[in-house]
Amino acid sequence: MTSWFAKFLTSSIGKKVIMSLTGLFLISFLLVHLLGNLQLILAQDQGQTFNEYAYFMTHNPVIKFLSYGLYAFILIHAIQGLLLAYNNRKARGDQRYAVKVDRTAGASKSSIYMGSLGTVILIFIVIHMAQFWLQMKLGNTEMVVYDEEPVKDLYTLVAAVYQNIGFVIFYVVAMIFIAFHLWHGFQSAWQTLGLNHKKYTPLIKAVGYVYSVLIPLGFAAIPVIMFLRQQ
Amino acid sequence: MPFQSQVPPGELSEKWKQYRSSMPLVAPNNKRRLEVIIVGTGLAGGAAAATFGELGYKVKVFTFHDSPRRAHSIAAQGGINAAKNYQNDGDSVYRLFYDTIKGGDYRSREANVHRLAEVSVNIIDQAVAQGVPFARDYGGLLANRSFGGVQVSRTFYARGQTGQQLLLGAYQSLSRQISLGNVELFNRHEMIDLVMEDGKARGIIARNLLTGETERHAAHAVVLGTGGYGNVFYLSTNAMNSNGSAAWRAVKQGAYMANPCFTQIHPTCIPVSGEYQSKLTLMSESLRNDGRVWVPKSQDDAAAIREGRKTGLDIAEGDRDYYLERRYPAFGNLVPRDVASRAAKTACDEGLGVSPTGLAVYLDFDAAITRYGKSKAHSQNEHNADKNRIRELGVAVIEEKYGNLFEMYEKITGEDPYVMPMKIYPAVHYTMGGLWVDYNLQTNIPGLFAIGEANFSDHGANRLGASALMQGLADGYFVLPYTIGTFLSQEIRNPQVDPDGPAFMEAEAKAQERVNRLMGINGSKSPETFHRELGKIMWEYCGMARNAEGLQKGRRMIRELREEFWRDVYVPGQIKEYNPELEKALRVADFLELGELMMLDALDRAESCGGHFREEYQTEDGEALRRDDEFAYVSAWEWDDTDPILHKEELIFENVELKTRSYK
Amino acid sequence: MENMKLKLRIWRQGGKYPKGQFVEYPLDGVNDHMSFLEMLDVLNEKLISQKEDPIAFEHDCREGICGTCSLVINGYPHGPMQQTTACQLHMRNFRDGETITIEPWRSRAFPIVKDLVVNRDAFDRIIQAGGYISIDTGQAQDGNAIPIEKDQASHAFDAATCIGCGACVAACPNASAMLFLGAKVSHLAQVPQGKVEAETRVQRMVHQHDVEGFGQCSNITACEAECPKGISVEHIARLNRQYIASTIGSEKVAN
């Protein structure tokens, strides 16, 4: 790419724009991901709907292409975020404040801890993907046959994990972290893109708050309900 | 040394135009070679530095602040006058000229003041073009308000932060010149001496405030835009670091100090609360539009208030003395600054003061709150509104008009001015006196120029509100950039001035020796202690009212104090480091001489005019008595350690008739 | 209250304390009408009388407009009261017997000069990079030639009210100067005179901001909370908008 673009991306505002755009993509991904995963608990058909959905998601070329984009965006968002956190720490200088306060105007306290929240979420994503995605790709997932088509039985894999109360708690806690991350991230992404408007910003904030509660709540409900159903 | 006003001939209204067109110029190729040092980055210095850079001169600009944006011009609240006549209310250049001359009690030069009024209009245009967000009307055009003692609406303003916005405009223009390489900025550098070569000002000795090193800087001309010397009183509305040292260093090299006793005392400041007080805060003059000034009629009531047994609210209407309304029925609470200040002093001298120190009067908004409340209730069709409702509505109106001022008052005093009447007292605000300059703004030292509050030129014995910003910017943007050509055009044959020449080496050695001497005294009292002491003497004997006996006594006391200072001051720290106490000590040392000169000037001026009130010269009912036949002159003092010498520049009035100001 | 007793924990650096450390000073006889800086004056006078090195702190106008004072008091830049500079803060906001911790602005771009004094030249350099309108003296047209809508002028003023103190940087957990930068960009972008060179301006100023070593904004809004003039992060959004538009949406290539 031309140098002006590289310069833009490496400027402090460009770096934020990267965080904002990848963040917004991940935010929208969460909704898609949740709608699919809700099949785990909504369609009470021993996982057929869910497994077929998973099959579709891993075999449709467009979705496959998007999924590589998703992996890249997760990585970019995480690496850029960590670099920013490192740089920002450096910008404070060698000596840190002896008395720490956390007063903000408009933004929530979670804005201060985005780096830490994000790091925990990153660890969660790694574990999450190792547990399901990697198992599915490389592990020996059982096959089931629907309409003469063999499909990986991801449902059983998920159900097995969610029998473990430890994992259920782990997933629920992780969702709390995601909720806090979103609580700031959603509105912050728009502010970074320059959208701060007397009329629209309150709306963006409201949507953001609802979104950052409902989405993680929906995700958290899955392991909890599956756990309870298996008792 | 020359002592000519250099006022060009011709009709008053044509002088500047003609002079500007016939003035010697410096060609662009020569401008690049000519160096100019500017000390100070306030409205005058900052504007001049930017403009000189634009014109192509090689400029070095000095400020003791960390940034040019911090100069005390930034604190000006009210506004800036200009004869734009945008309000179509009969304003004109002549009217602004006339108001300024009259407001100054006829102690300024006609030609200078007229030029000021002429260029005032350009300043507004320039500031708007720089992006200064002046207040605007609904149609998007510039708004105006009126100010003390004037019958037209000619004051442009940017909320209560006009000085800030104008200074930032100049600062930004200066920053542009710095980035273009036309101006070199020396921040955290304080001028500690002026260097003279062959009778001309050729450079300065500066102290790098971060390292404490002295530096020699040479140029073809030196411009001082270093502000006023109000801090000689210790307590004033000036910033803590405002000082008279740059100008005083020039005086020590032979520059004349003009009208040093003309100081402006502002009537509406927040009173002193205790010995620890470090500075005084101004409350805008606009408050007197709605506030009523009063003290209790009886000394017993006043004493009870001082001791905290009563408050202002306990004093019945009939037991209050609204003394301005009583003494000046025509103008009432809106008499000019000097008159209002003196009246407050008189009341407190009679034991009627209302703060624990005895030095405060009330500024009461109760009547205004009721009046506005009633009218608001009426306009809202609330005809049966009870007392509380009326109050509530009235408070809302007052809040809209003066909310930020009331808030500031509460922050500082901890009292709610919507409930308790405000306490105010006069405080030193501005110094009309300053370095003597001719029409070209050149001092009697060739090559040394003084602009803004640092010179004496335009305000006579009393400055009108919203005129300080106007003068600083006029000098910096529109006057000096032209007039300096009269001197610099003679310099084009002179090579670069050598900062390593003998005059510079000698000046630097002398300056260092002075610093060494101060540090070596190792006495017992801090510079602050001496400054406070000096302030008390100045305020007592050279403050709002002066008399010959007091002035003589004050002069003696200052001399004794000066002697003690050089014997017993203790300056902590080292020379070659960041040392604010040393900076302070150097400034106090100069104030201790300047203060004496002020006493002397006040003693010489055996009349009362503007901010200078001699008790011996008053009318039967206690008003100022000006003596035009004997004192229509500018006193220009040549410093001498034992006996300063007075030079007089006669003031000639060809266009205005000298009248007695009356506000009764 | 006439006689408050305080324990002051003050950061000292330079001279006797080359690496910097907290030093505790008890102080009696503090009057609650004193301003915070007057309280420090009293302490300094006491130190001088004991022939000790007084505490270096910067201050000038003491009426909240020059932007010189720069103290972090109990963790808050300019102290716990919002929309108040340290010089306008009064001792009645503290309790008798309280321990007050005073630190300098902490940012890599604001190196410490001595004790509580920092060097803020970086701000000047950001303005020099483009925080102005390129107009020479005398070139201006009549002030009323271009009307500016009242609210628009007022919004520009809201940004222009910045006093350049650096509290935004001190408060920002990322030590970013985006509020300072955004205020100037936003001020000049909202007046017609400033629109002419808006694209170049924002490019150059952002670049300078980054060169100085300030951190990156993550929209925490601590800057707005501590800004003595209450400048809104809305101006940072406008800065972002301007910057993105001047890069992506402009044919101009910044240099």
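First chain written, first letter: the chains are A, B and C, and each begins at residue 1.
Quick note on the criterion: a residue touches a chain if its C-beta (ideal position, glycine included) is under 8 Å from a C-beta of that chain, and two chains touch if they have at least 3 such contacts.
None of the values given here were measured: they were computed from a predicted structure.
Chemist: Can you name the chain whose C-alpha mean lies closest to the mean of all the C-alpha atoms?
Modeler: C
Chemist: Chain pair with the most contact pairs?
Modeler: Looking across every pairing, the one with the most contacts is B-C.
Chemist: Determine the centre-to-centre distance between chain A and chain C, using the mean Cα coordinates as centres, and give it in whole Å.
Modeler: One centre to the other, that is 37 Å.
Chemist: With chain centres defined as C-alpha means, what is the inter-centre distance between chain B and chain C in Å?
Modeler: About 26 Å separates the centre of chain B from that of chain C.
Chemist: If you average the CA atoms of chain A and of chain B, how far apart do the two points sit, in angstrom?
Modeler: 62
Chemist: In the complex of these two chains, what residues of chain A are touching chain C?
Modeler: Within the complex, chain A touches chain C at residues 4-5, 7-8, 11-17, 19, 84, 87-88, 90-93, 95-107, 111-112, 114, 184, 187-188, 191-196.
Chemist: So in the complex, which bits of chain C are touching chain B?
Modeler: 14-15, 31-35, 37-39, 41-42, 45, 47-49, 51-54, 56, 58-68, 81, 84, 88, 90, 92, 113-114, 117, 119-121, 123-124, 127-144, 147-150, 153-154, 156-157, 160-161, 163-164, 187-188, 191, 193-194
Chemist: Which chain C residues qualify as touching chain A in the complex?
Modeler: For this pair, the touching residues of chain C are 9, 11, 20, 22, 72, 74-76, 101, 103, 106-109, 171, 173-176, 178, 206-207, 209-210, 213-222, 224-226, 232-234, 236-244, 247-248, 253-254.
Chemist: Going by the contact rule set out above, which residues of chain B touch chain C in the complex?
Modeler: Contact set of chain B toward chain C: 47, 50-51, 54, 65-70, 72, 74-75, 84, 86, 122, 124-142, 158-159, 161, 164-165, 168, 171-173, 175-176, 178-179, 185, 187, 210, 237, 239-241, 273-274, 276-279, 281-282, 408, 411-414, 477-478, 481, 524, 526, 528-529, 570, 572-573, 577-578, 580-581.
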